[in-house]
Amino acid sequence: MNLLKDFKNPVLARKLSAAIAETVGDRPFSIMEVCGGQTHTIYKYRLREMLPPNLRLVSGPGCPVCVTPIEYIDKAVFLALEKGASIYTFGDLVRVPGTMMSLEKAQAEGADVQPVYSPFQSLQAAKANPERHVVFLGIGFETTLPGVGLVIREAQRSGVENFSVLLSAKRVPPVLDALLSSGKAEIDGFITPGHVTSIIGTKAYDALCETYRVPMVVGGFEPLDLLGAVHLLAGELAGGGTRNLNAYSRASSKEGNVKAQQVMEEVFEEKDDELRGLGVIPKAGYGIRESFAEFDADRRFDIVTNSREPKGCICGEILCGIKAPEDCPLFGAICTPDAPVGSCMVSNEGACNAAYLFRD
Amino acid sequence: MNLLKDFKNPVLARKLSAAIAETVGDRPFSIMEVCGGQTHTIYKYRLREMLPPNLRLVSGPGCPVCVTPIEYIDKAVFLALEKGASIYTFGDLVRVPGTMMSLEKAQAEGADVQPVYSPFQSLQAAKANPERHVVFLGIGFETTLPGVGLVIREAQRSGVENFSVLLSAKRVPPVLDALLSSGKAEIDGFITPGHVTSIIGTKAYDALCETYRVPMVVGGFEPLDLLGAVHLLAGELAGGGTRNLNAYSRASSKEGNVKAQQVMEEVFEEKDDELRGLGVIPKAGYGIRESFAEFDADRRFDIVTNSREPKGCICGEILCGIKAPEDCPLFGAICTPDAPVGSCMVSNEGACNAAYLFRD
Amino acid sequence: MNEKIILGHGSGGRMTRDLVRDVFCRHLGDFGPQSMDDGAVLPCEKGELVFTTDSYVVSPLEFPGGDIGTLAVCGTVNDLAVMGARPLWLSLGVILEAGLEIDALERIVKSIAAKAREAGVKIVCGDTKVVEKGKGDGIFINTAGIGVLEHPLTPETIEPGDQIIVSGTVGDHGMALLTLRKGFPLKSDLKSDCAPLNGMISQCLDEAGVKWMRDATRGGVATILNELSEGRPWGVLLEENDIPLSDAVAGVSELLGLDPLYSANEGKVIFVVPRHQAENALKGLKKSAYGKKAAVIGLIVDDFPGKTVLHTQMGTLRTLGILASDPLPRIC
Amino acid sequence: MNEKIILGHGSGGRMTRDLVRDVFCRHLGDFGPQSMDDGAVLPCEKGELVFTTDSYVVSPLEFPGGDIGTLAVCGTVNDLAVMGARPLWLSLGVILEAGLEIDALERIVKSIAAKAREAGVKIVCGDTKVVEKGKGDGIFINTAGIGVLEHPLTPETIEPGDQIIVSGTVGDHGMALLTLRKGFPLKSDLKSDCAPLNGMISQCLDEAGVKWMRDATRGGVATILNELSEGRPWGVLLEENDIPLSDAVAGVSELLGLDPLYSANEGKVIFVVPRHQAENALKGLKKSAYGKKAAVIGLIVDDFPGKTVLHTQMGTLRTLGILASDPLPRIC
Amino acid sequence: MRSMCLAVPIKVVEVLEGQMAIGEQMGVQVEFSTALLGAVQLGDYVLVHTGIAIETLDEADAQETLSIWNELNSTLGS
Amino acid sequence: MRSMCLAVPIKVVEVLEGQMAIGEQMGVQVEFSTALLGAVQLGDYVLVHTGIAIETLDEADAQETLSIWNELNSTLGS
């Protein structure tokens, strides 16, 4: 079997689509796909076309680039231009506008900015260039964090002195908790993020389902994964169920990846943290533990920023599922992927970017 | 009057030429022009054509690039490539081959090599780029040395910490002394170097004239200056005189430039030194005094070289006036300005370079 | 404008186009290019010439399937050929960075010679400059090309029903270069598809009434088709399942989250031919080693005027837009 | 060869020529340039075209008397004109370094437009690339040019007695750029002489039987005349006193110990004309603003076959050789 | 280039020293860390995210999921 | 570029602070140090080597030298 192609099978897709329509009937429901990667797949394959019009898919706060505060970009630019650090980063971050400039523009000012596929590349670069200080931009949710933790642990183990991580790590369950407790977004069910769940396990959502009486289904990232998740959710919604289900069981379990959890526990500690547009959320983030302080760019450098959020951007409300990209007056006119105003327009996983790229 | 053009007057040149021919008659004489700048003028204006064939002009050891040992180039390359220093240098040095490579080739390996007109430019560059160490290549005879001394003094006065001088400073009188005492070159009279004399004064040659019973005349650098000097020398030679005369009195005096002598005295101290091809000559060079040790690149850096002189090059004998460039089997065939073997082929003031450039 | 040039201005996407329009075309006015075509049709006393230019700044200089020299010949030959010209003469301007190995330069020049020979073009004039180390990147090459116009295209006759053909697998060059990025832990047998296509194209022109063609370089198939459809009263409909894709390109695309439709090709042409000629066109293309995997991938449709739309493998329809730029390495 | 490219390879002197011969010409063989001329004569169906290319890498980008854009148009227009062609079309390839100010780019493009207008040529195609900061030097420009051959030169008819004419003062461009070197404590009103000379040249061609002409760019008058005399059964004899020299060029030359005969010009042409036409040629040149100081500076002689010899102001004779290279800044 | 939520099934083709392995996906080889997994076996499918395997994939489970969906046509019209 | 033995007569046109001056030679201005000379006057000719004045030139002496040479034709045939 081909685990990629088989989950794009259009015949099965049509079956799932029909089953979903039959299940929900004509009652209106809103489902939030939490993860930006899921949003990307939904737009890329136009999956909304395969759902009945009364079943609304709403993009959630799970795009790591989108929820990273603008101050983070300003810090990275500062480290690159003022401290002469080499910045290693996932490509998505390069074009996100900071208060003064993006990393791409910093590059044009002479900054050394290297897009990478893996955080390991940044540590290798630090070892290969002992005369430079390498900063890895460690942003992401629980999917990405264990890898960043591995690299920090390895840096300490091998005594690398010219390496640090500028961390902006977020946790999905507290964010969903805040979303649900605010009561602002009217969401009937959640497609929880498959790869985050591979790490943290489905058990992480049990309390949320119970507290807020809302069904959740773990969804993968192929078209069938998402349709399958919607199908299970539809069953719950139709029957008034509030279970915590798993439509991505080939890659995620109840307990999650215990080794990964241990690495996170060893290197990071929970903290209250700000998500862009959502404000400070209790326990929504991670910091680097004291025992690895030497690899914390925030501790290591005196970083000075003067950050301002762009005017008029409604990324925050979009991330909460309150508004859609098309509701933003800047969308497509002033804010485009060429000249993005907010972070949601930059990443391929951002709702505004996906809505613009795949617009009609 | 135009002090440049008037000393190129062809009518006066013909008069001097005729006077010289008449004065020497058909007796054979050899005259050495000590300075490389004089050699350059002689070739550029083909002054030998204006002298009787029995009056031979022989190039002397006064080309600073030519007498600088190959190890000096190797040191500069080492500082540029191994120590990451920015090298500021008179342009003539850039193409001189070292044992492994020239500074121009080091440049292609990433070295920062900047040709300058004045040593002051190097100190300015050090002030403007405090993150780099700037090394000025201080080579030259007494003409150039006071300026290098001024710059070192100014560096100390203004507390510049990222500046040093790699010194290879030579003194004309001890070199002439060595040449004369060796008895190898059969020279009947000397045209002493005008600009060196501006600094050290004509008195510096009194003892030589007396000891070796050979006439000397200070010569300038315009065609008439040189013909004028030859004219005076011709008179001495014809009459058996051994005086120390001055055909460049508009720019040099008996005492020389006392302020310049004081600067040299303050910053430098005499030492025995090696001249390329001539070997170590007592008191022929200068070192930087202990009180300015911080600006001495030799003291400041652990410089490692493994120098070898190129095989077959007879620069040494040419500098002594024993042989002419055309006597070198490599001349023009293997050794050319494009691919120089010895230093005499590189500088515009080198005998081999002048002979090649202005050959028929 | 008080902005500065950033990498995106050279991406080949919209930022590049805007820069060309707002800076070059605006100031050059009557003395500048009269169209955004890659080559210019020049009135000659008898017949018409095509004249084109491209600079090549690829990194690394050498890669599986070619090098910067291969690119410099093929790119310009192909630009002439897709204008309907027979490529005849190239100029060659090189800017060398001090520190470049002469051995590497020789290899590159040999590639240039080999590709010129294969394409049947002569390099008739050249220029060499050297810049300080740190002021260049090994070697930059410019080639300008002149060809004789033999088969003027007729985009104005394009109508719904006309077929879209691609001459082979899509995205190879861009994905091959991506896997070479320093430190990227990827390995594949991917090769650049860089090739001179004038022979293949002329065989196709002989067999089919080609109305329009274009080499799908920077920006890939999606960008080139957008250029075709933009402002037209008809649209382009692509069938995702029919687009030839090598396994390795598909694999790299999945691994890095990239869309091969936006990945550069250096040996692929998109053709528009009348429906009844499509079979002939394919037959003509397949005579060439470079056209063995040619396929019909879509058609001109009445719907979606001005747009390029993809019929996805899921059966849904998705508009293919133009990307702004990529934070990717230089690939041509 | 296991050597590396060094700056000297781009000096325009012998090292450049050797590199072109040993690397480019050798490997390109039949597919490479068939002569070392700056432009190529191309057989066209009716009449002949001239095609030429040059890259411009000058530093600083802007200087008194012009900028890199001015140079890029004038240099290529002049290369066409001195081949006896009427320049018609240019291509324009730019390589921009990230970090370049768009304002500066606009100024340069305006210069390009202005000079194209003055020269009466159209820039008919172009290309834009951007490289990372630190991989370029602001902007590099390549222009290729096409002209129609109207006045084929006849160097084979050159004979002793023919006159050597220069269209004005010598060495201005190179010396002007030298005084701009960072940190050099020199100031002067020196300006680059950069200008499109096709108008002036055509006026001269109308008046005089020009047998050969060349723009005296990198390497200066001495180098260009060496290229003329090399391998010929006759020699060139120059009269130092007759060579037009501005005071400032003479001054900088003295101060820095340089020879203005080896300094680059960007608006000067050397002509060889029959003795009886020399007066007409001068008259024709002086009609142009760029030829006001034109002068006869020497002649073709039986003596010194293959050489260029200078009759110095001292009345002696000195061979003018070709310099290997200079440790000087990039000037064109 | 998207890397943030992207994780792709990779078949292990070589197990290396130091908790590293090489995997393959449609002819493309990728080197990745296995530090977050237990021992990996040749032929295993793993989910690789930013060069790090985050989970072993359960092929049987995938197969089962697909066939459940395939069964939907017995209860619905095709 | 030759700088080593090269020294050129320059006419002082401006005296600056800090033992510096500006001189002119055929329309080219050069800034140089006067630290090795005493006070320089406007109109003085000085010999400038590598940006440093090393001597004040004696115009009268130059004139005399030239006229001595010019006298040579009285004793010789022209």
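Just so it is clear, A, B, C, D, E and F label the chains in written order, and each chain counts residues from 1 on its own.
Here is the rule we use: contacts are C-beta pairs under 8 Å (C-beta built on N, C-alpha and C of every residue); 3 or more make two chains touch, one makes a residue touch a chain.
Computed from a predicted model, the values in this text were never measured in an experiment.
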Exercise for review: Chains touching chain A and chain C alike, please list them.
Suggested key: D, E
Exercise for review: Farthest from chain A by Cα centre, which chain is it? Let me know.
Suggested key: F
Check your understanding: Where is the C-beta contact count highest, in terms of which two chains?
Key -> C-D
Exercise for review: Name the chain whose C-alpha centroid is farthest from the C-alpha centroid of chain E.
Suggested key: F
Review point. Which integer distance in Å separates the CA centroid of chain A from that of chain E?
Key: 20
Review point. How many angstrom between the C-alpha centroids of chain E and chain C?
Key: 35
Point to revise | Approximate Å spacing (C-alpha centroids) for the pair chain D, chain E | key: 64
Review point. How many angstrom lie between the CA centroids of chain E and chain F, rounded to a whole number?
Key: 83
Practice item. Could you list which residues of chain B touch at least two other chains? Key: 4, 14, 91, 107-109, 115, 117-118, 120-121, 348
Study note, to complete from the structure: So chain F residues touching two or more other chains come to 1-3, 6, 8, 25-26, 32, 51
Check your understanding: Can you list the residues of chain D that touch 2 or more other chains?
Key -> 4-8, 98-99, 132, 134, 185-186, 254, 256-257, 327-328
Practice item. By the touch definition up top, name every chain pair that qualifies. Key: A-C, A-D, A-E, B-C, B-D, B-F, C-D, C-E, D-F
Revision key, fill the gap. Touching chain B in the complex, chain D uses residues 4-8, 14-15, 18, 183-186, 254, 256-257, 307, 312-319, 321, 323-325, 327-328
Exercise for review: Going by the contact rule at the top, pick out the chain E residues touching chain A in the complex.
Suggested key: 1-9, 25-26, 32-33, 35-38, 45, 47, 49-52, 54-55, 57-59, 61-63, 65-66, 69-70, 72-73, 75-78
Review point. What residues on chain A touch chain E, complex-wise?
Key: 1, 3-4, 6-7, 9, 12, 14-16, 18-19, 22, 35-38, 40, 62-65, 90-92, 115, 117-121, 139-141, 143-144, 146-147, 150, 193, 195, 198-199, 221, 224, 228, 231, 247, 249-252, 257, 259-260, 263, 347-349
Exercise for review: Could you pull out which chain D residues touch chain C in their complex?
Suggested key: 1-11, 16, 19-20, 23-24, 27-34, 37-40, 42, 44-47, 49, 51-57, 59, 88-89, 91-103, 105-106, 109-110, 112-113, 116-117, 121-132, 134-137, 140, 142, 144, 146, 330
Exercise for review: Enumerate the contact residues on chain F facing chain D in the complex.
Suggested key: 1-3, 6, 8, 25-32, 48, 51
